[in-house]
Structures are given as C-alpha cells and as structure tokens.
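Think of it as A, B, C and D in the order they're written, each chain with its own count starting at 1.
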Amino acid sequence: MTPSLHLWLIPILPLIGAAINGFFGRRLSRQTVSAVALTFCGAAFLMGLYVAARFPSLELPHAEYLGHWIRSGNFMVNFEFYLDQLTLVMLLVVTGVGFLIHIYSVGYMWEEGGFYRFFSYLNLFMFFMLTLVLAGNYLQMFIGWEGVGLASYLLIGFWFTKDSAASAGKKAFIVNRIGDFGFLIALFLLIKHFGSLNFSQLFSSIAQQPAETAGVGLLTSIGLLLMVGAAGKSAQIPLYVWLPDAMEGPTPVSALIHAATMVTAGVYMVARSHVIFGHAPNALTVVAIIGTLTALFAATIGIAQTDIKKVLAYSTVSQLGYMFMACGVAAYSAGIFHLMTHAFFKGLLFLAAGSVIHAVGGEQDMRKMGGLRQYIPWTFMTMTAATFAIAGFPPFAGFFSKDEILARAYEANPAYWFIGVTTAFITSFYMFRLWFMTFFGDYRGREAAEHGHAPAHGHGHGGHGDPHESPMIMLVPLMILAVLSVIGGWVGIGGRFEHFLSPVFGEGATAVATEALSRSTEITLMVISVVAAVLGFYLAYVLYLKRPELPQKIADSLGGLYQAVVNKYYVDEIYGDLFVKPLVDGSTRILWHGVDQGVIDAAINDTADGARHVSDSARQMQSGNVRSYAGWVAVGAAVIIAYMIWMGVR
Amino acid sequence: MLHLVLFLVFGAICVAGAINLLVQSHPISSALSLVVVMASLAVEYLLLGAEFVAAVQVIVYAGAVMVLFVFVIMLLNAGVEERTKGSRVALILGIPGVLAGGLLVAWVLIERTGTATVGLGALPGFPKTIGNLLFHDFLLPFEVTSVLVLIAIMGAVVLASRPEPKNPEKES
Amino acid sequence: MVPVSYYLILSGILFSCGVIGFLIKRNIITIFISIELMLNGVNLSFVAFAAQWQHLSGQVFVFFVMVVAAAEATVGLAIIIAVFRTRETLNVDHVNLLKL
Amino acid sequence: MNPTLPVGADYVRILPEIVLSIFGMAIMVLDPLVDEKKSQQLLGGLGLIGTLAGLVSTWIMAQSPGFAFWNMVQVDGFSVFFHVLVIAIALVLILTSYEYMAVQQLRAGEYYGLILFGLVGMCLMSSAVELVLIFISLEISSISTYILAGFRRRSATSSESSLKYFLLGSFATAFFLYGVAMMFGATGSTNIDAISAALNSGKVPLLAYVAMALMFVGLGFKVAAAPFHIWTPDVYEGAPAPVVGFMSTAPKAAAFAVLLRIIFEANAPGRFWLIWLSAVLSMTLGNVAALVQDNVKRLLAYSSIAHAGYILVAFAAKPELGAPAVMFYTAAYAAMNVGAFAVVSHLANENERYVTLENYAGLGRSSPILAGTLTIFLISLIGIPITGGFFAKFYVFSAALQSNLVWLTIIGVINSAIGAYYYLKIIVVMYMREAREEVPVLPIPLALRAALALTLAATVYLGVVPGRMLTFVQQSAQQLLQAEHTSAREQVGNAAVPRATQ
C-alpha cells in the first residue's frame, strides 16, 4: 500500500480559488483577485510537482479512494483518483501550462471589466480539467468532461455584449453536447455489459475478452461512441465547427482551453480507453481515418484565413488530427507526446498572438499587421521558436513528436504517412505565412487606421499609437514556453518518453515500433518530413515576403476552390441548412402554428371554403380552443383503446 | 321479460334524453334533458336492485346538483348558443375518434361479457347494507370526501365572490 | 333476465354522448353538463358490474362519484362565473387568449 | 359485518393527512377573524407550520409501516417518499407565495388553505391502494389546483387557465373513472393488490386492457404525457407563477406515484408500446415546441411535457430498474422546477407583467443572485453534471438501456440535446443581452431566499451525493414491487371487499 498523496487536493485547490473570486471578487481589488487565482492555481502545480517527485516511490497505478458516491444494486461508483504515468504527464501539462497562462492573463486582462469573473471561470475550468485528468472512473471523468465544456462556454462568451461571442459560446456548447451524448451512451453500454465504470476493474474485465476483429460488436460500438465524444471535445470531423468560432473568447482562454488542455481531453480519453480500442480494431481504424482527414482538411482551411487567431484555431484542429492519427495506429504514447509538445508550442503561439493583438490595439487581421519584428522583439523571438516547433524543424519540440507519429503511421499504413507529410508541408506553409505576414515587411496597421477602419475587435485595447511591447508579466510566460518549445521534445530522444509511458500502454505497443522500422527507413522518413517543412517555409517566403503580389494571382486562377477554402468549405452553412434551420422551421410551422389549425384547418379552409375564408382563417390561425384540445384527447383515447384491445386480442 | 321491457323503455328514454341534450341549443333545455336522463337512470338502478343509489340519484343528483346548474344558467342569463366554428379538430378528428372508440368498447362489452345475465333486483342495495360498507370498509374515503367538500366550498367562495376592485387589471 | 352487457352498452352510449357533447357544444355550461352525462354513464357501469359480481361495493362507488360530481359542479360553476365576469361570454370558442 | 373500529395504528398511518387537514381548517376558520394586512403573514406562517408539522408526522407515520383502514392505504417506503416530496414542494411554494401574494394583492386565507387541503389529496394518492380512494384523492388534488390556477381573479388569462384546466381535467377524470369501472368489471375488485392477483393469475380479460387504456388516459392527462399534454402550455401560462411551479411538480409526482402503483405493482398488461410511444411523443413535442417560445412560463410548460416524457422512458424499463429511476427523477425535477418557478414568480412582479424572455435580458447584471440561481436550475434542467437533473437523466437512461431499450434511449438522448437549446436561450438572454426596457427587480425577501436556498441545496445535493437518495428509492421501489406478492396473499384471509351473498 503506497501512502496517500491527497490527490483530491489538486482539483479542489482551484475550486477554492474560483469560489473565493466568484463570491467575493467583486469587492476585491485586482491585485487580490489575481493573487488568489495565481496562488490556488500555483498550489495545484506545486502539488503536481510533488506528485512527480514522489512518483518513483509509488506502486503504479496508484488509486486513491475517497468515499462511495453512488451505489445502485451491484453497480457502484466511487469518488476515486487514479494516478499512472499517463495521468502524470497530463497533470503536469495541465497545471504547468495552466499556471503560466494564468500569469499571462493577469497582464492581458488587466484593463478589462469583469476581471474577477474571468479568473473565477479560469480557476473553475482548472478544477474540472483536473477532475477529468485525475478521475478514477468514467463517470467522474464525464463530470470533468461536461464541466470543462461549461467553463469553456462561460469563457468563450465572456465578452457577452458581443453577439458573435454569445452565439459562438452557444455553438460550442451545443456541438459539444452532441459529442457528450456519444460518450454518455458509451458509458451506459459499459454499465450494462460490464457493471462498472472503474478503470482498473473495467479494463481488466475487457482485457479477458477476445478482440472484435470483424463487424461492429459491442466493444466496437463503445469505441465508436467514445470517439464521437472525443470528436466533439477535440474538434474532429464532423464536429470541429465550434473551435474556430470559439476564438471569440479572450486570447488566454484560447491558449488554455482551445490549444493546450481542454481540446486534448478527447485524445486523453481515447488513450485512457486504449484497452477498449485495443479490442476493437475497427473502431481504431475509424479513429485513424478521422484523425488523418481532419489533419489535412483543417490545414487546408488554415491557408486562407486572415484572422491570426483563426489560423491558429484551424492549426489546432489539424494538430489534434495528428494526435488522433497516432492513437488510431495504436501509437498512444506518440499521440500523448505530441499532445505535450503541442501544449507548449500552441499555447505559446496563442499567447504570443495575444501579445501581438495587444500590441496593435486589438487588431486580429494579419493583413493589417506586418513588420512587427522591430516593435515587439520579445514576442517575435518567442513566436519564432513556436513557429519552428510546429513546422517541425529540428531540434524544436514539434519535430520529435511529429516525426514519431509519422514513423508509426508509416508502419501502419503508408497512406496515413503520406497525408501526414502533406499536412506537415501545409502546416509549415501557413505558419510561416502567418510569421511573415505578421513580423516582416512594413507595418500596414497605420494606413488602415487612417482609412477609418476602426479595429473590429477593439475591446479595451483601442487608442494605441505605434505597436508596443507587452508588459513583463505577459512576456515571462512566453519565454518559459519558448524554452519548452525548443527543448521539450528532447525527452523523446531515444524513445525515452515512450518507455516512460510503456507501463500504461503495454510493452507491445512500443517494442514493435523500434524494431519494425529499420534505421535507414526511419532516417529517410525523418529527412522527408524535414524537407516538407523547409519547402513550406520556402513557399511562404516566396509568396509572402519576396513577391507578395503572387497570392492574389494564385487565388484568382484557382477561383472556386479558393473561394471554398476561404469560406471553410461552407460547412457552417451546410450544417445550418441541414440541421438547425429545419428544426427551427419545423417547430415554427408545424407546432407553433399548431398542428391543429395550421395543418388540418388550413388544408380544409383552402380546399373547401377558398378565398372567402382566408381572412377568417388568418384570424383563426390559433389553437387555444378547449374543444380542439378535447378532440385530441378523444382521438388519443380512441387510439390507445384500439391498441390495447389489439394487445388483448392477440 | 318484464325486466327486459322496463330496461328497454327506460333505456330508450335515457338515450333520447342524452341525444336531446346534444341537439338542444339552449343550456336550459340541455340541463332539463339531463334531468330526464338521470331520472330514467334511477329506474335502471332500481331494476338492478340498487335502491339506495336510485334514491340518492333522484334526491342529490337530479334534485340538488341540477338545481345548481339551472340556477347558474339563470344567473348568467345564458342565451341560445352561437354556432361558432372555433374548432374543426373536434369535428374532424374528435367525433370519428369517439365513435370508433365507442364501437370498439361496445364490441368488447358484447363479445366478452355477453353471456352473463342479471335478474330483476339482482343485488339489493338496502340503506343498511350500504351504510355498513360505507362506515366500515369505506370509512376512510367517506371521511376524505369531507375534505373534498371543504375545498369545493372554499373554491366557490374564492372564485365566485366579486373581486375587490383595487387596481383593476387591464389585460387584453 | 337481462344480459349485463345491455346495461353496459347503455352506459357506453351515455358516456359517448357526453364526450360528443363536450366536442360539439359551445356553451361552457352545456359542456359541463356533458361531463355530468359522462359521469352518469360510468355510474350505470358501476351498478351493473356490482350486480354481475355480486359486490355491493360497486354501489358504494356510485355514491362517491356523486359526491365528487357535486363538488366538481360547485367549483366548476364558480369558475364559469369567474370567467363570465372577466370575459362577458359563455362561448368556449371565444375563450382563447392563451394559445400557441 | 365486521363491527370493529379503526385502531390507533390506523390513524398513525394517515397522520400527515390528518395534521394537514387540521391546519387547513384552522386557516379557514382564522381567515375572517384576522384583518387583511396581517392575514398574509399569519396565515402563511400557519401554512408553513402546517407543512412542517406534516413532515414531522410523516416521519412518525414512517415508523409504523403497514396497511390501514381495511386495506385502503398502505404505508411503505414508497408512500413515505412521495409524502415527503409533495409536502416539501408545498413548503417551498408557501415560502415563495409569501411575497408573491402580497405583490399581486391577492387574498391569502383560502390560498394557503387550498394548498394544505390539496396536499391531503396528493399524500393520499401516494399511499392509497384502492382505486376508489385514489379517485377521490385525485379529485381533491385536481380540484384544489383548478382553483389555485384561477387565483388571479382579476386577470382574464388566469380565469381562462382555470376554466381550461377544469373542463379538460374533469373530462380526463371521467375517462379515468370509466377505467376504474371497467377494472372493477374485469376483476371484481378495486383494490390494487387484488387486481394484481387477478391479472397475474391466468388469462387477462380483454376488459382489463380497455380499463388500463382508459386509466392511462386519465393519468396521462394529469402527468401531461402526450397525446394528453395539450392543456399544459395554456394552463401554465395563465396560472399564477408559484402555483405553476407547484402544479407542475406536486400533483404530477402524486400522479406518477399512482401510475407506478398501477403499472408496476399491478403489472399492467400490454403497456409497453403504449408507454414507449407516449414517451417519445412527449419528449419530442415538448422539446420541439419549446424551441420557439418566448414566454418563459410557457417555455417551462413545454419543458415539463418533455420531462414527463423522460420519466415515461423509465416506465418502459424493467420495473426493478424503472421504478427507482422514476422516483429519483420526480424528486430532482421537483427541486429544479420549483426553484426555477420561484425565480420566475419573483421577477413577474405586479400582475405578472414580466414573464417574456425579453424581460430577462440583462438580469445577469441587475440581479446576479437571481440570475445565478436560475442558471443553476436551468443547467440542471438541461442535465449537466453535478446537478440533480444530470443524475436523474442518467438513471433513467441507464435503466432504459439496461432493459434493452436502445432506440428509446437514443431518442431520449437526442431530445435532451435539443432541449439544451432553449434552456440555454434563457441563460444567454440573461447574461448576454442588454435590457431593452427597464425591468424593476424587487429586493429578495427572506422567505424567497429560504425557498431558493432549499431548492438549490436539493438540486446540488442530488447531483453531487445522490448515493443515499438512490439507496432509499431503490429500497422503497423494492417494497413496492414485492408488495404485489405478499399483500395479495394477505388478502385471502382478510377480505378487503366484502362479498354480499345472494
């Protein structure tokens, strides 16, 4: 029996912070509010470090039982926390990056109204995220899962006076609901067939079952449903639509929730459920295909975006696709590795983008930036590190993790690898496009301002003259993350990271990797991916720095395709027309105007009485008549009697 | 035989009263038709031996309750009803629904209980036996009806009394 | 000897007439009278079944139904008066402020 | 004839009903004696004490389970559960009404009296095991709600609501009564245990099927299950807001209790598709129609239809899984819905002027407490974790899935996703829209605070630590389902319905 680490403290600490700021924040000064938020979030991080320090002495997996929660017959759910290598990685990433983003937010949000509210939500988010990560059973995980959705909804809609922000929050919430219900049904199926949601019990009983190789069996359906959940949370096809819109929230939120932590919950969940997926190869294939397609699809959309945060949003979707691709080929540790490095560099990219936006007074359109290198050197440098990292240049962090994934994908199926490399090339291209457009050339912001274009997103930052560097409190987190973006990948050299995680995912998953591919193949693949990255860099250099008139020409010659990309393949419109509109219309026409008078009466009026009754029927376009209601009751009764008699006679 | 004849005669009166209730357009006529129905029902009860019920039917139902109806009709000075066309659902779905449901139930009743017969005064329900049941086995429901009656009194007081005229509400 | 089903059919006819009355009558009071007709139909069923099963309890039920009907009548007529006060109409088709 | 008189235990087993009636009568008598200004506080306070006394006496009653009054009522965990539930709802209602009645300038005395008398009916519905008693108590609960619905007499909508509820309610009750008559005809008894014994021994007579259908019409109407839900929106829109909170939960809970007894204890034959279809219709019609509503009361009315649908899902499940899920859901729904209506009735202000969605704009600013509590209730209604609503849905759907009702579960889950939309609409309006017109928010009085705190605590309690509650509902459901066998045997020696011989 290993000693108790009081893991429950880790999620509870931010919750206390959230409660203090939420209830009393209004009366506290900004200094106190930020001190409270930072203290409790930092304490959680320290707890994480403490756990890491004690880690070697623990008997793994380490479970802590807190008390029983629900008992219904044989089915029991406890409050319990579960710690293994996978948890530890997630724990450190979430608390560490989360803490840095908290620090950054103090600077970023200083001028904003609702300061205390923001930090209260942020801490609340940390609480749910840590609950999710540390959960010892699926139900507890689900609580965290829904909770982060809720917190993200609150944070996206933070600037609630903006209509777009409000509707974006709503969209995120509803799309997530669809995913959540996939997850929920999967949970029901697990309860029904295995009678437990506890990870250890569940996995050990599943492990005894034979794998479902053909058709859609129970485990395959569970896997697919879990994937629906993951796709909703982690913005995969077809549920990715909410993430780009979610950029309406404050930038630190995008960094924390929509890059580093929450959106990776889907990947974590799939990795956590690797036993289920391991027994359902068909479901795993679906995961791989969805991941691969999303990676490519989102990357192509990223090319045409002009809003700096939107580029990063699509890039996030695409990178998450990589992680699912990794999970889909059973290279879970590679996926988690990429999750970690991605948290560093994508968190950094968002924070740096925030710093840029801050510098140019709230402008997010890259066409109105340019030449910022000289104004904001620190931001530039950190962003450079991140850009090289995501593009996959060695020795930056992204190189190692992406390379790992691509190698494993090649081994599973060269088609995945090919799409992966193509995506890497596109990624490199649009990231350097962003880099060049933002930091090189001449500053284009002034002309725009003179032409009377008020910054579209000016929430409190407006009224700046020249771009200016952000305060230190924002720069320090950037620097730390920049360092991590450079060196963070080194832990993976020589398969060390994989080896660390191997107790979780089993030896088989890792051992094969190193042996199956010969050294030469591996190096060839590595070289190809580096070449792809360099090509992307070069293309972006030519198009956006050397000959900036070219892109327009290309766009003109491509015509329709480019339009489609600019409009994100019209997915939003299609969804709107296909699902939302019919529902609302149906409700309006069919039920609102009453099945009663709307359909039946209108039909009768039209045919029998003709135009004379049009005005009359308009007046009578209303139900609310007691006799009609009684008519419905009578018909209902007749139908039920008929049914019951039929049941009886049968 | 006598039983059957009596049943048929009063049954016919009963149905005629019910149909008259539907056909009449003045509420008073409908109310009086209901009295006819109730009275002939009382006879049917007697045929089945339910003496007490028959008596109560005439005294309480036809007597007291219907008087209340007639009183309210007079109070509100209700006239001949207008033939407004407020609901077509009631006509187009409701009536066929009722007829279909009624026929189905009738079929069940004939088909499944058709063989049992009852004689004249089959189950004599004297006040004494009824009283024994009422104040013993059905004591609780009997007592509980007092709550029901209390509610009815309160309801009548609340709803029918003239509302205090402060702040007359202007609602459309 | 009369088949029980005769009584039951008569009761069914009365009940159905009551339902139809609810559907076709416009005057609120008449609608309410139709409901009373339905209850009367049910009462006949109770008495008939009581005779069939030789259970006196069926007749006791009739007694309870009458009490309930009386209470309902009191409240119902009070509600009708209240509606008449605010709306000046007894036509149920005109009582349709609340709809959709 | 057996000349025995009821013994002490008989009275203990209906103690809550007795206590509530006494308090009701006390209010009735005191009403004309106190002057109008004080009557609000005095009689309301008396009502409050009455409900508290009712809770205490329920506890006393719970100590002596068993039958009373010659198998008329049965005290078991099941009936105790519903006693506590409806009395607690009434307690919150009284706390809410305190302020509401004063703002609306309504007379108080009868109001509190009617609530207590109505409670007597609802309590009896949950413990009665005899169809005649069920019928009478159903009428008590219904008639008192008809009157309460029309309590704002100066308002045309309120009296219209009352009239519609009354006419359709009596209409549906007549169907129920006809069903009772048929059941009596089919089995020769109206005692649920005896019926259960008759139905489960040999071939079920066809008449019993018809009887079930007719009884379902009546009870379906009371719980607002499709296709008998159609009265709900109109009635809820017109009735006084706190009363809507009450009648969408307490009489409904009692009606569900009756449905549970009839359907599960008597093991109603051939019910499956009937309930299946009704559940699907209720969920879908309720949710879809709610999407376009902009009157909050009406919106919540449609939502209550949808929730009735979710509860019916549990009725389609296996009895041992479905019954506890139904009980849990009614409790969770009561907590959140009564709470939501408490907020609505506070905001409604004089003459219920502010009940449209637009009036809620900017509430997040003008009254963070009200907006915050309402948000939590709405979140619970959506079914998001750490609220009672989530676990309620969770149990219902998991019960359904464990009974192999895959499609029903999927339809339910989709529906609750649709439902999220319109609840969210309220939250969005509260926090993310600027108020277009000035909506005065009255200070929140102490009683209302207490009401909100109670419902909030219940909602969160059921969401965070539902364990104890769940254990309790499971045990009582167990008792309910076992009663079928044990008491049917007792029946043999202790004839519930004496047979007159000829």
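As a working rule, a residue touches a chain if its C-beta (ideal position, glycine included) is under 8 Å from a C-beta of that chain, and two chains touch if they have at least 3 such contacts.
Here the structure is a predicted model, which is why all the values come from computation and not from measurement.
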item: Fewest hops from subunit A to subunit D - one hop per pair of touching chains; value: 1
item: Far-end chain from subunit A, centres as C-alpha averages; value: B
item: Length of the line joining the C-alpha centres of subunit C and subunit D, rounded to whole Å; value: 25
item: Distance between the centres, which are taken as Cα means, of subunit C and subunit B, whole angstrom; value: 5
item: Rounded Å distance between subunit B and subunit D, as computed from the means of their C-alpha atoms; value: 29
item: Whole-Å gap separating subunit A and subunit C, where each centre is the average of the chain's CA atoms; value: 61
item: Shared interface positions of subunit C, touching two or more other chains; value: 8, 15, 18-19, 22-24, 26, 31-32, 48, 50, 52, 54-57, 60, 64, 68, 71-72, 75, 79-80, 82, 85, 92-93, 95-99
item: Junction residues of subunit D - those touching two or more other chains; value: 132, 136, 139, 143, 146-147, 150, 153-157, 159, 162-164, 167, 171, 185, 206, 210, 234, 497-498, 500, 502
item: Junction residues of subunit B - those touching two or more other chains; value: 85-87, 90-91, 94, 98, 101, 105, 108-109, 113, 122-123, 129, 133, 137-138, 141, 145, 148, 151-152, 155, 158-159, 163
item: Subunit B-touching residues of subunit A, taken from the complex the two chains share; value: 596-597, 600-601, 604, 620, 625, 627-628, 630-632, 634-635, 637-639, 641-642, 645
item: Contacting residues of subunit C [partner subunit A, same complex]; value: 19, 22-24, 26, 31, 92-93, 95-100
item: Of all residues in subunit C, those that touch subunit D in their complex; value: 8, 15, 18-19, 22, 28, 31-32, 35, 38-39, 41-42, 45-46, 48-50, 52-58, 60-61, 64-65, 68, 71-72, 75-76, 79-80, 82-83, 85-87, 92, 95-99
item: List of subunit A residues in touch with subunit D within their complex; value: 68-73, 142-143, 146-147, 150, 157, 160-161, 163, 165-166, 169-170, 173-174, 177-178, 181, 184-185, 188-189, 191-192, 583-584, 586-588, 590-592, 624, 626, 629-630, 632-633, 635-637, 639-641, 643-645, 647-649
item: Of all residues in subunit D, those that touch subunit C in their complex; value: 132, 135-136, 139, 143, 146-147, 150, 153-157, 159-164, 166-167, 170-171, 174, 177-178, 180-182, 184-185, 188-190, 233-235, 237-238, 497-502
